[in-house]
Amino acid sequence: MTALNLAAAQAVIEATLASARARAARPLAVIVVDAGGHPLAFAREDGASFARLDIARAKASGALAMDADTRVLAQRAAGNPVFFQSVTVALGGQIAFSPGGVLVRDAQGLVLGAVGASGDTGDCDEECVLAGLRAAGFNQEMVP
Amino acid sequence: MTALNLAAAQAVIEATLASARARAARPLAVIVVDAGGHPLAFAREDGASFARLDIARAKASGALAMDADTRVLAQRAAGNPVFFQSVTVALGGQIAFSPGGVLVRDAQGLVLGAVGASGDTGDCDEECVLAGLRAAGFNQEMVP
Amino acid sequence: MTALNLAAAQAVIEATLASARARAARPLAVIVVDAGGHPLAFAREDGASFARLDIARAKASGALAMDADTRVLAQRAAGNPVFFQSVTVALGGQIAFSPGGVLVRDAQGLVLGAVGASGDTGDCDEECVLAGLRAAGFNQEMVP
Amino acid sequence: MTALNLAAAQAVIEATLASARARAARPLAVIVVDAGGHPLAFAREDGASFARLDIARAKASGALAMDADTRVLAQRAAGNPVFFQSVTVALGGQIAFSPGGVLVRDAQGLVLGAVGASGDTGDCDEECVLAGLRAAGFNQEMVP
């Protein structure tokens, strides 16, 4: 797929949650945002705490804001906490330093948007998103 | 239905958007929030502008905050603008004075959450939400 | 009474809610804040919507901020909406233009704090607060 | 008890403060919030500084937001400060990393809300809350 429209966003969410259930992850919230960081679709599984949307959105938005998956941003922030602390405030909290925020790219590498997930460990959140993106036809080249 | 879980929220959104397409409404954003005002699910149709989520959420959250559908709140606000302007700021913008924010109740009248829609006129937004709620088995007694 | 401590604040809340029940008011939230606008005690009756604390607090805080009960402030705001709209934003929403925010004074007229209530009409909210203050020994000279 | 209504919230606060006085704790602020994080009741003892409400509320709300008592969250935050710093901003400051924010559960483990206390050490704040919850009939299985 190359267009990140509502149908594609819903397909990504469905596949991400299917992956979470297949690996018995804790209840997740998953959001898909467009290239401007604006939400296209969102779902919070039963049992996920109420802040999970905010954290998932911060992951997706932060990945776009800094043009890198939050796995990379978390590593950078650990090495330079004062800068990334100031970035966090400058962005009004729209960034979160834990894996699970993943850029969505077309076949040419153009950024189409991002997915954010929160609920289990950052590693598990990211695995579910990557599986969901591949199942929905995005980021096929990314094999974690 | 009496439980407003993720499956129910997604059913409401699907039915609301089906109603919107059946009446050729402009592209909508629809959100379902729980009784605490926290999002369960959200979808923004292709072509809906990027602020539609914020407006839909403000309708849903505002209906819960003041315990009335936003159609009623819009009428009250027109009659008492200075109070409702201050309420808007006190609530951090989480209220919007236009039809389309509708409380979801169980058979006993208990508030389970709310739905908000934005994209067409407030009247049309509300009609789509009411049709969506009925189709998904909620608020059966409400016939607009 | 002349000191607005926790025991006095709780007495005011209990008497205010007793007054509300005696007149079959809708479920109320009531807050008592000290002279600095900081909360001493708060109660939200079962059935009052979740934003009622924010509105009650904005009434109490706003009365202190402008040194007048919110009944008076609502009248002023109706006559000069653009100024009071800017005040609302300058105060971060900590003011609400509806009766129910009442200054608490000692026998010499010194401001000790304020009470805010929200849930029914502003008039009813204020009547409950005034009755509660009198029952708890404050503002004895105020007979609405 | 299984319902966290106003009467139950007030009973929890009364028992928490009784526990604080029995152990000669410093003056506390205690808040009880519902499952959506919205305040039900609050009390600040005489002598507690004015920010204690905000801290107590951040403990209660943060426990709900992340589905864990703040004792656990404080441990996690110490091990992953950059992530939890970003979460703090994403949640608008509605989380505090110190013991004293405790989830309230029914007999089946369902989260009904949370209690937050602030004023003494985090350990002491938490002991008072746990004692208060048990005295009021909640979280009976929790023996610190």
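The first chain written gets the first letter, and so on, giving A, B, C and D; residue counts start at 1 in each chain.
In the analysis below, contacts are C-beta pairs under 8 Å (C-beta built on N, C-alpha and C of every residue); 3 or more make two chains touch, one makes a residue touch a chain.
The chain list, named the UniProt way, goes like this: A, B, C, D = Heme-binding protein.
The shown structure was predicted, so the numbers you read here are calculated from the model rather than taken from an experiment.
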Separation of mean Cα positions, subunit C and subunit B [Å, integer]: 31
Euclidean distance of C-alpha centroids - subunit A vs subunit C, Å: 44
Centroid spacing, where centroids are CA-atom means, of subunit A and subunit B in whole angstrom: 26
Per-residue overlap in subunit C, given as positions that touch at least 2 other chains: 50-51
Chain contact topology (line, ring, star, complete or other): other
Contacting chain pairs - touch in the sense defined above: A-B, A-D, B-C, B-D, C-D
Partner subunit B, residues of subunit A touching it in the complex: 5-6, 9-10, 34, 36, 38-46, 50, 53
Subunit B partner contacts - residues on subunit D that touch it in the complex: 34-38
Complex interface listing, subunit D residues touching subunit A: 36-37, 64-67, 80-83, 85-87, 89-92
Parts of subunit A lying in touch with subunit D, wherever the complex brings them together: 49-51, 54-55, 57-58, 62, 74, 77-78, 81, 84-85, 88-89, 92-98, 122
